[in-house]
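So the structure is just underneath, and the comments pick up after that.
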């Protein structure tokens, strides 16, 4: 026998007047409404394909200005991005490689992943959620003198790649994009910061120039060899899992001895490690064959 | 320590030897890879349907224990959720109503919304991202003595509702769920906290009981009338846009006077306002007809 | 000539040598392969929306020439299309209205239809399959002197409409299309057949003309009032379900009489009936309110 | 008898009274409705995957009884199915292999196919439409003494397979299914037709039997070695493209001669050829490597 709330018009309206009890009140109410679950579509993605989730900062042009990011590259911002991506890889399942540059990061889930039954929404939202909360959480570790003014946003999308070649081409596409943008930005900001041009003038100067022209400007006008710029800027950041040996100090009590004794123990752990290297050529994939290995 | 591959292997290999210039190098490379964009599916959702995004805390059972949430309801946690939901409504476009309870929140976008061309991934990821970053950002405003131990995660899903009745039934479903869970939790924690039962014993005691039985336990054993419990616990939180009159003080300089003068000015603003009321019955929808109005 | 591989290679290889029995052979084989079913996606469509399947003739320009269709309208072809559409409505479930013109037909399934769990592929393929086989089957009933030269093809698509207004606008769109095309074709073929223009000249003559100009040409040059053209050409064909009284002759044996006697019996049946009327205005929908009735 | 509404109500009402011209009438009307096109979803399928369309007869149990198909296999019915499948392969684009058994057929479109921009609905509906119209069209060529009583229906579905192994496993799954069903049906109909059992008795007799048991019944009770049954029954039908040499007779006029002369010319054509062989083992795929070749 159900007792009834007074509160909640709808439920009360089902009760006999003056009574505390509504025979079938809220439980029925819930089951009566439960048909709305049928409107949830099934967003399971095709099996045996690489699942890529890429996120991008929302309005990061404005965000980077308000938070005084150094131009063209701010080490703190890049390293915070990477810290968040590492957190995502550690917290979620089945991510075998990630690649980031500027305000974007791509996460690659294993072909055979059965995480959350391969539901697209789960992949997308878990990635952006974990990344976004981490961004605020770890902000102060990287921006010591710069307060975070408001909570930033990231959007995400999911893309499937059926073959290993497709996946490698996807990552190459992002790294080529990094190269093109960074070369442009490097020259642009040189022209503005050291060349004394206004942003509009710098833009006009670069209109229609090819990669070679930009290298030439850097070299002849600013004595900069682009190839000597930091790898993190030119190549972006690759995150992979690696076995790492850790030497830790442990207190143990040896038999027949009274007191504990400190000993050094070497332990092998699997960690997410950042690299700043080319992933367009074959070398990287030959060096780390386990990333694409079908059964990894 | 980072390890690095040979810089720019792939790109360099396309350049003339000894030259700084790869005339078409990386640009060509990029266009060669750009076919991978064709793998992005179109996730545009059907026009003229209500778009609901619901998010849920990930592993919040564990999270709430580690952060010592009060049971069965922690005001700080509920208010932080609502603060985040308000931020989402203010930052994103076209949300006309939101409903939250426990560690979940539902956001309803207008039927006619054209935001991001109605792409499902944009709706889902923007909501969970903004919510997650806000959760960490505003944490300290609500949990003054309790430090946030790690960045939490939320997942999200998107559901379409073609008719107003479907949408109201969806929201009713969530509020009926709130009622059922909160009644259960209220009795459960009473039995544990004041009745001295272990969690397992409390669970066994409640097995098979109906709503009326639970009300009876609360009343006869703990002298609690469930209907007097706070509305926020029993009804959850509804967020809607409301015109609010603000009285602000402004300094103005009147003509023919030397000095500025302070005057009070009444300004009308549209704000996100929390309510804790029944949304199952008709009364709410009659009071706020603009929420469902086709052209709002 | 068929060439053949060794019988049962794969299966035989799993059997014990010299035995007729492969104890678990093929069954195991099948279950080993059955994982491929997981690749079938769920194509269930959103509940509470009108489901429209529209089919179009494939290469019907060529088909109509090869089968000497009369221009601009061939009664036999139009009536055969309608016969096929009637068959589709009678054979499949839950179609409440259909609309056809030229070589296309649209079928509207009820909002609440649960046919085949609302799987899109089932709706699409059943419609085009039944239509296509009927087209060949009933061909000779309409084209008595014209042999069917090859089996024609139709393609199909599925579209959802959440509201009644959306659905009415869809049907209006098709009927407005019928009007525009038929007016154009009527003038075009007059200019060619009676005006002596070549197709290219007729096309040039009509370039840029408005509806009024076309009406004027018909009236002043060919003494044709377009509004007197057959409704089937100008409005297309609407198929709806209607109660029809049938008078049938039945033999019955009355009590106390030796012989059977013929009596006339009136029977009410529900039939698919073709109309050629305007469905853009309100009149049609007011006359047949049951078509859009939620619970029909 | 057709009943009709007032001619052109909606459109006429937009015209000036007494005028033949509705200057912008229907065109405007059409554009006003054209928004309904936005409700058509994009059903483009993922690139670089094998596209399989499988069709099945609708209610073919009943159909086969009404048309007196021989049990367990009717050569006419199987050959008609194959004729229709050949027509589908010849009329549509990019089908590299098909496999059929009983009342089902699977068509495999090339991984790289760009036919109709890879829209799922186009693939599905073109296949079932062409198949269905062909079934009626070619019926009389196979069922000479048996008239077709009504137009049959087929449904279709589309499935994607990312890797060659997945595709081979799909086809193996269908062939294993053919084997299991045919073995069962062969014994079942022997027990009924020659063993004098009723269908229910035959079913009970076979309940729980393994493949070996069924082979044993055939052998010991009916002196039938299942492996000697026709390959078409046991293996189904594989359709592939093959180069075929055709010798044709051509009349040509040689120089310096008065009359035409008949000569024999050998011409190479690509034809759809049926095989009845095992496709589960490697042999078939080694013999026809071009089927899976990436760039075929």
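Worth a mention:
We call the chains A, B, C and D, going by the order they appear; numbering starts again at 1 in every chain.
FYI, contacts are C-beta pairs under 8 Å (C-beta built on N, C-alpha and C of every residue); 3 or more make two chains touch, one makes a residue touch a chain.
Not measured: the values here are computed from a predicted model.
Note on connectivity: the fewest chain-to-chain touch steps from chain A to chain C number 1.
Look at the CA centroids: the one farthest from the centroid of chain B belongs to D. The best fit of Cα atoms from chain B onto chain D calls for a rotation angle of 180°, in steps of 5. The greater number of contacting C-beta pairs, out of the two interfaces C-D and B-C, is seen for C-D.
Chain D has its Cα centroid 50 Å from the Cα centroid of chain B. Distance from the chain C centre to the chain D centre is 21 Å, each centre being the mean of its Cα atoms.
Chain B and chain C, compared by their mean Cα positions, are separated by 46 Å. Counting partners per residue, chain D has 39, 41, 46-48, 160, 166 as the residues that reach two or more other chains. Across the complex, chain B is touched by residues 46-49, 160, 162-163, 166 of chain C. Across the interface of their complex, chain D is touched by residues 2-13, 19-27, 29-30, 32-37, 39-41, 55, 58, 87, 91, 120-122, 124-126, 128-138, 148, 150-161, 166, 169-170, 172-173, 176-177, 179-180, 183, 210-213, 215-216, 219, 225-227, 231, 234-235, 273-278, 280-281, 283-284, 287 of chain C.
Every residue of chain B that touches chain D in the complex is listed here, in rising order: 38-39, 41-42, 44, 46-48.
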